[in-house]
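Shared between the two complexes below is chain A, which pairs with chain B and chain C, respectively.
So, the complex of A and B:
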């Protein structure tokens, strides 16, 4: 406990240090400094000074750029640039204002590559121009969306919808932008992947420009899945929004509400009961395990290694059962609530759940052995798709993508208000190489940490009395709040603004993939379009069939389940020996 | 002579094409989940395939947005008939909580004919299997 206190003290000190440094470096440029609480600072500056200030925070002080939030204040437009100090968990937001119509703000995308998309997004949704950014083409909206109509402005009524004529629909056939093939490079070919592609679960559109086998550049088209949730949120009651944000993503259906309720609690400045903190972490970590298993399975599937898929998903079911036992549903748990959680965990059921959790550990062990020692997986993933540490910083990536590239960054270590992460003991997993293999290892090892966290939370829950799980919030004051949570894929970011009424007047959401997908621009370039045939064709030890089939000859079982696994393992061993 | 229902021929080993319009991913995951070992719909010859040209049934999940509407039409037009279309989940069936979105178009059944609806957010695997059985029964003219 003493240690914890000391840690917190030194943390508070260095947070103050960061603050003073910024005050000194920005000096005259600061128009107004608002300290909402020790972890949230809003710094108002003039837009002429934005570029210099951003460079100070990002380049000089090494803060990470989170995202930018645009606000329509009716009298003017405002953009907040959020920067996070990943050692202390303090967020500094630069606030700049511009005219409502024809407003212009200098770009920062040449200083911070990760700001590329958000500038395009704000341009199309709010109508603010970023001078100096020469690629402000539409990102989320379709080409047929009428010019000069900005859906996130306040004068765009809730529930309004634009007509889409037949001809317009025809024009939608082509994606927004294309890699220009007019650079005279005749040897390049463009390979489109998507929007509907057998290997993709969701609609997304990549255009790969390839020379021979090599990927020269990559263009990503988004927006097929854009449902304008930020706008819908402005028409919903504060409590209803938790259910809405759950449906942003089915795999992070706990992380988004988690970040959202943290934002509301940050706005209201309240603390939740201790029991609720533990329950939040239990369900959030269960989600992490199921998400990592799911990723592992799909990664296997994409490598053409369907066994991994089937295995991972089979053991994932146990996790889903636990979720169901706690929340009543396999996905979309509806556990989060501003002020606490919606449902309690029965102390009498905890031992049972712990026993179930234990079975998962042995399965993770198996994955660690069978998958990560597999020569085929090594061949397919080692040194493939490398994201260097420098690029990771430039693109502001988060989550396992960042940690696999050697960046020490985990929101669960730094922004721990109203969650139990500061009360339990666990480690952050950080790796070096940034290739696909390290990303996989990072996820596998994280699952152990999750189990560790859940077990400790369960133990503490047993010591606490059932029932006290929520602080009621009756009134929300006017103001702003920022909440973030380390989702399985990285930092999940929510910003809410209230005018004291029943609904948020602005709700900005940034999912981790928003930052991570863009980094594919560098990770995929330079690689080979399809190394599938070469590396995998030689041997494909199909564990998939192994598990699900029994070879029957003359009515007798010739190979049963176990002997087939054994044979596969022997084959793998043989391969390993050959590889050496 | 009884009217021969052309869809009748589809009642064995249904091959499924999955169209994710703008879904939250959960419906898509539960579709895959039904194929994996615990529920194992592959036992019945039900298989996900990559091309609509091979499909007997199409599952549509999520709301149809401006960017996906024409693709849904195109893909439906490309499909060899007969084809059973299932609106999968609350979003596809009724637009669910996204009906106020400025990006949505119309419900799936106003764009292409739908044979069955599986409600739920997301539908439970049991509900999915139940839905599949009902589709088959309906195709056979049993209900």
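So, the complex of A and C:
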């Protein structure tokens, strides 16, 4: 009996994710199986069967949990649990429905640790309770936000503001210290990293509980940086959303629109012209190089090695110049468009750009030699902040964070519709140890691969005629679409739902850092404070991506753009008057 | 009256401060050029201090006021005194006294000790972490500092008078002296709190650590004692190991400090301790043995 079961399991694993296997394993539990296309499956199940089904997909079949999407259908609430097969690129989404008021769904966060945050998020934004999850405190919303008001529900008007009492206003943005000394451990101190700290460019709060120098536990607080992108998206038409998601983050300003247009194209089921595919990859890979150089510099800064910091950023300028040459902008490229790209690359400029790219390679060589062979850097980063493969799977991490821990996972290898990654030759960089050093090596080596991809794309572009860069989309049908792209930090995930109108009725975004930052819970504990600092930075956290969602800026806009300008003008006048 | 002049003006506080500011400017300018930046104007260190002195002094609510406020002053005064004695031995060799080397060596620990005191009094968890790191740093580098001094003492036949070292010739020219000089260079980097030994400050980990609660004039006094230390410590090293101080020798030492600062990441405090106690200590003991054997 045991043997038979094991045999069945290994068989199931060998064809991991094959839909027949899932059909067989889930059996009676499937209420409805909808195959949108061979890579997107939506499986409706009853919520009583959710835990079993999630365990089958995640534990038995070894699929990766992407994220959960909640939808307010007005008649009921629906939650989609997306699972990705990282060998074939197929996404299976479990669809579960519950009541709109007081809806309850059993938790899966004890099966999949990576689902901890999204359950908290759905709880506060939709009001769905996850039974069995005892930590459903707020993740993104401010503590002062009124109880029982759920900003992502359909009856929450677009642009509505909440009145906050004076008292609440005082508690706004106050660090929310969760670790206390109730266990009587007087020898522990809390070392705050954040909300404003030189280690981080963005507001974020890590509480390190330390004994002496040793970090014994870690609590992560989010919620300083919300801009309500998902809600805003529901008020913009399909083309405007491309620009909106570009503004989620200045560093991934190509990845988010890329994933979004892929989602729209998945929804509409169209294919884009070949030339557009190459152009997409060129700009996206340039973004990867500049992002990795930025991280390399910051990592040097965090280690106290400011020369590396300044040098990496200096050489990053060349990449930004290339981006500017192609798109007209250093960071916000506005290149993506559902159906293709917005701007063409001139064939006559390609040779120049290839020459510039070559200079970048010599600089990466220098960093590879000087930085990665430095004994002091080895001493600071090797065997520091290790994320084991098991933990990486448990926390569902993505991108270089996962690949440094020995997981073969790169969206560019598996989900390559409407991009040129299948048409060019490149390698996935996978390392074994999962420490800070391997994460650095992974990023440095990936830059070489990016250069390789860009060069091949340039060569193909020269063979193709200029001009044919976009398939026009006139009507979007009702339905759902999922797009994902391997951003520099990992898988960037967009889900859109259409009712056939001109705006998305639901747009779910999940940035890679959302999964990666949580894994610090295990990676940063156990070392000393110095280790924790570089470990927190090693996942290349991007907070503006992670926190792109809240309904209203704390219910009140204290100073808007115009009043700030007015204030500074007034101050200048005052100073000038005083000088006289 | 002349004593007061020597202490306050030349070669004491004021002179050392001015030279220290120039050295600090060179340090920042060279660092900037190495990092593809422009760097500050020559008077920037002066502007920094002046700015601090017109700013408000903020003392944390739970801090021990007296200790917190006294620490920077003690640091400044003792660094100045050390600089005076070192300077006197350079400019007025006849004024030296037997054992001034020991006095200077003690005086040069006081800035670090007062930094520990002040940080511990500031009631900030990051500062207390910085203070504990600074304490471990002092424990690590002082040991090697004294070993290097002992080597010089043996090599010169029991010399404890600073002004006589110049007459005696360069200690660093012998085998044991060269080893001791190399140890002293590393110790100097640590004593000045420069990368890779800036764990107590570690801006990106504990955001300034020991200095985190200091502001205004109190921070100004710490800054000024740093400037003085930047003169006093290399000058002392130069006197003992290079056979007297001169502008050329001082600049060489300064360049070494800047180079090491810009080509290394920060060491963890555990690694600093291990480096000094388990790696440099045996080397130092070997140097002492060599010195007694006459090498």
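As a working rule, the second predicted complex is superposed on the first by the 506 of 580 C-alpha atoms of A that agree within 3 Å, B and C clash if a C-alpha of one lies under 4 Å from a C-alpha of the other, contacts with A are read in each partner's own complex, and residues count from 1 in each chain.
In the analysis below, contacts are C-beta pairs under 8 Å (C-beta built on N, C-alpha and C of every residue); 3 or more make two chains touch, one makes a residue touch a chain.
Everything quoted here is computed from the prediction, not taken from an experiment.
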**Report entry** If touched residues of chain A are counted for chain B and for chain C, the larger one
**Finding:** B
**Report entry** Which of chain B and chain C A:332 touches, first, second, both or neither
**Finding:** first
Report task. State whether A:161 touches chain B only (first), chain C only (second), both chains, or neither. Result -> first
Report task. Go through the superposed model and pick first if A:46 touches only chain B, second if only chain C, both, or neither. Result -> neither
Requested in this report: Based on the superposed arrangement, let me know which partner A:225 touches: chain B (first), chain C (second), both, or neither?
Outcome: first
Requested in this report: Would you check which partner chain A:244 touches, where first means chain B only, second means chain C only, and both and neither mean what they say?
Outcome: first
Query raised in the report: Does the superposition put A:253 against chain B (first), chain C (second), both, or neither?
Result: first
Query raised in the report: When the two structures are overlaid on chain A, which partner does A:151 contact: first (chain B), second (chain C), both, or neither?
Result: first
Query raised in the report: A:211 contacts which: chain B (first), chain C (second), both, neither?
Result: neither
Report task. Would you check which partner chain A:294 touches, where first means chain B only, second means chain C only, and both and neither mean what they say? Result -> first
Requested in this report: Would you tell me the residues on chain A in contact with chain B in one complex that are also in contact with chain C in the other?
Outcome: 197-199, 309-310, 314
Query raised in the report: Inside the complex, what are the residues of chain A that reach chain C?
Result: 189-192, 197-199, 210, 212-213, 300-311, 314, 374, 376-377, 379-380, 528-531, 533
Query raised in the report: Which residues of chain C touch chain A in the complex?
Result: 31, 34-37, 125-126, 128-129, 132-133, 195-196, 198-199, 202-207, 262-271
**Report entry** Residues of chain A defined as touching chain B within the complex
**Finding:** 142, 144-145, 151, 156, 158-162, 164, 169-170, 172-173, 195-199, 201-203, 223-229, 231-232, 235, 243-244, 247-251, 253, 294, 297, 309-310, 313-314, 317, 330-332, 547-548
Query raised in the report: For the complex, which residues does chain B have touching chain A?
Result: 19-30, 32-33, 36-38, 40, 49-51, 62-63, 65-71, 75, 96-98, 100-105, 121-122, 124
